[in-house]
Amino acid sequence: MAATESASAGTNDHLITSSDPEHPANHICTLCRSFYNLGWVGGTGGGTSIKRGPHIFIAPSGVQKELMQPHNIFVLEHANRSYLRKPLELKPSACTPLFLAAFDRGAGCCIHTHSQWAVLVTLLVEQEAHAKGEDPMGKCFEIEKIEQIKGIPKGRGKSGMLGFFDKLVVPIIENTAHEEDLTQSLEEAMEKYPDTYAVLVRRHGVYVWGDNVQKAKTQAESMDYLFRLAVEMKRLGLPWVA
Amino acid sequence: MAATESASAGTNDHLITSSDPEHPANHICTLCRSFYNLGWVGGTGGGTSIKRGPHIFIAPSGVQKELMQPHNIFVLEHANRSYLRKPLELKPSACTPLFLAAFDRGAGCCIHTHSQWAVLVTLLVEQEAHAKGEDPMGKCFEIEKIEQIKGIPKGRGKSGMLGFFDKLVVPIIENTAHEEDLTQSLEEAMEKYPDTYAVLVRRHGVYVWGDNVQKAKTQAESMDYLFRLAVEMKRLGLPWVA
Amino acid sequence: MAATESASAGTNDHLITSSDPEHPANHICTLCRSFYNLGWVGGTGGGTSIKRGPHIFIAPSGVQKELMQPHNIFVLEHANRSYLRKPLELKPSACTPLFLAAFDRGAGCCIHTHSQWAVLVTLLVEQEAHAKGEDPMGKCFEIEKIEQIKGIPKGRGKSGMLGFFDKLVVPIIENTAHEEDLTQSLEEAMEKYPDTYAVLVRRHGVYVWGDNVQKAKTQAESMDYLFRLAVEMKRLGLPWVA
Amino acid sequence: MAATESASAGTNDHLITSSDPEHPANHICTLCRSFYNLGWVGGTGGGTSIKRGPHIFIAPSGVQKELMQPHNIFVLEHANRSYLRKPLELKPSACTPLFLAAFDRGAGCCIHTHSQWAVLVTLLVEQEAHAKGEDPMGKCFEIEKIEQIKGIPKGRGKSGMLGFFDKLVVPIIENTAHEEDLTQSLEEAMEKYPDTYAVLVRRHGVYVWGDNVQKAKTQAESMDYLFRLAVEMKRLGLPWVA
């Protein structure tokens, strides 16, 4: 519970110390534990970040998600991207620039998963494009007329959730050798699809965000439900779009 | 633990305060947590309601089911459908009129899930109708000669459970843009199939009810088992009805 | 902790009262909770029974398995099949005569599950027989050359476990309208396959037993693993027997 | 907490007594419980071992993995393979010589699972070889361009993890009647594939190791993710290698 104002490594513990379970440093840990149990962040893949006021809290790279502790958490100043807290023995999350792309656009929480269902839908979209002799680049995951679509909001600046008769469109970007190199195509997808709350990454997973933790988490759940349902539908010869 | 008789928002806390784990306000929370772990109510989908005496207790819309608390619970007077307790910051469940349809017919507990197995069986029934050049409207999910069918009662006013050689018939209604608009077709299905304890909603999920919590819950489990088994059987080319 | 010698309903609580977690009345409850989480005993299906000395302890019918309590447990005198403890408000397990068939043959614990994998393998054996124009009656589930087969003992009176190159043979009996009516065919299967520790029931589930709780439980786990693997292998066109 | 220097059976309890959750005797128990919940070590299959300093700690054969206790643990002197602690009533793990093969090559932790996904990929590699009229012997499991591959290190003596564009190659050895007899082919595979951190055993499971517990565990998770994804991809007609 030391309170220091120094920005050197491992200090500024006050930034991550709280008895409030919804303090970002605590909340990231409970979320990571849930996501691990869902199979989204095994093998240290994936990540979670939360913005509160001027600060962004991010789970580090390489730490077992189900064992995450508040003292593992990195803290950034959003405005100037500088680290206020940087545990020396850990590596910052490679997702950091991607999370920042979401926070720059008003998100309050951003979640990255390696869900197999996300990976599989990107492969199925690619497979279908090839089967039609088309280029998969730029093709989105699309699904309509499933009630769970109503778990996704209409879009930034729009009021309410998608309707049962709306089509959910989630852009897919191609994976790169290094996570940070996804930033440009992630931002382009966010610009091209301004109403989206998620971007799929081919053969990699998905980034999902929301105005706050509760929205990002529930939207991530609805997205993953739809990805899994889409895989089951494909296996049974059921089309995603009529 | 305040005890007030006022029906204004957020008061009447005495209606939802009890140390008895089987008090509806507590029981709804433990059930929602289980249902979340079963994958039935992710992304805030689905819902649970319990009747006790003259009162109906309903989980609200939009709250994460695994984090439900007694103080989130809405309480209705069954006889006149008026709210005795209405947490102002929350929205009443959109399932409310559908739950009332079950309570009007003598149910003690009604459960709504977005189980993927429920969604998939409605799609498989539709697919099979189309393959035969038939109209899927009004076609039911039917399965026979599976032991778990004995987990479903014979029907209202009838004694005992379905037998191994009985056929389970679950009506399917078409989904609508708004949950409340399902009420009419749900009630029609309940009238047309007076022995049913469940109605499937195409591309949406299922409503299951029972005389009390234990029956509704165990019947929901048996239903979901049969939906999942039906999907596995379809994948393996095993017919649901001989 | 009352200690009475009366055999009237609800007394003889001393038979089910102990602080030892491995006392059958406690052990049945913890096992039922695990089995519920494995999807083996949902909707009150399935059951568990343990023999200790002259007494047989059985979980009742119709109670939610994950909520089982010691005071729910029935106790029988094995020698004369008379009830020493019979909670009046509950029904004895319909599996009782089937459990007794296993205990009569030296088992220490018998487990009955409605595992979907068990149900599906019985349907796949039937499907394969029909495809070959053969009668499925009397055909067994057979699988070989899977390491997990070594989790099953060679047979009663034989020393050691099955080997990797041995074939596991599990007899299948046809289901009946009432669970008790399975007893004759279960006993016939036990006589015809004296080395078996399990009997599958078509479209119903499986009975697995062992010399003691640890063996019955681990054998049930290995059996269910093999049933599930067999379904996955079938889907991928991989033969169970070379 | 007795402290004796005797190497006779059941003594040397000090070797397995610690309040540190990361002491090998405690850590093996928590790992085994997790692995049981993942479906990797049911029916007493599989095993876990950790090296600390001169000592190797191994979970015994035949004990239910989710109930493992520190006093069940065997302790070996790595240098001369002699037992320092040997619970008399338990059998040493049959995996012991295989674990030693990994420790001899610098591993800090070795994990053996019977994961169905591992078993299925070995069967799919075999099936594909047969379909091409080739001998499956010596063929490896290969997969590329899946982000989770980056959870596996490049190899011993090499720095960093595999890249997204690298191909993961996991050798497969044939199973034998007795676990100990796998040792020679496991060591040959380790020599032939010096960069591998895992060896699959046909129809049996997988051995995965790492420099320490955290690496072995997270690498086992990434491996199992890739095995499971490979099975799903195969079902959907998606190739593992372009």
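For clarity, chains are labelled A, B, C and D in written order, and residue numbers in each chain start from 1.
Simple rule for what comes next: a contact is a pair of C-beta atoms (placed from the backbone, for glycine too) under 8 Å apart; a residue touches a chain by one contact, two chains touch by 3 or more.
Since we're looking at a predicted model, the values are computed, not measured.
Student: Between copies chain A and chain B, are the contact residues mostly the same numbers or mostly different, with half as the line?
Tutor: different
Student: I'd like the Å distance between the centres of chain A and chain C, where a centre is the mean of that chain's Cα atoms.
Tutor: Roughly 44 Å, centre to centre.
Student: What is the distance, in whole Å, between the centres of chain B and chain C, each centre taken as the mean of its C-alpha atoms?
Tutor: Here chain B and chain C have centroids separated by 31 Å.
Student: For chain A, write out the residues touching at least two other chains, lowest number first.
Tutor: Within chain A, the residues that touch at least two other chains are 235.
Student: Among line, ring, star, complete and other, which one matches the pattern of chain touches?
Tutor: Ring.
Student: Go through the chains and record each pair that touches.
Tutor: Chains touch in the following pairs: A-B, A-D, B-C, C-D.
Student: Mind pulling up the chain A residues that touch chain B in the complex?
Tutor: Per the touch definition, chain A meets chain B at residues 145-148, 150-151, 163-165, 214, 217-219, 221-222, 224-225, 228-229, 232-233, 235-238.
Student: Can you list the residues on chain A that touch chain D in the complex?
Tutor: Interface residues on the chain A side: 39, 42-45, 64, 114, 116, 119-120, 123-124, 127, 175-177, 201, 203-205, 231, 234-235.
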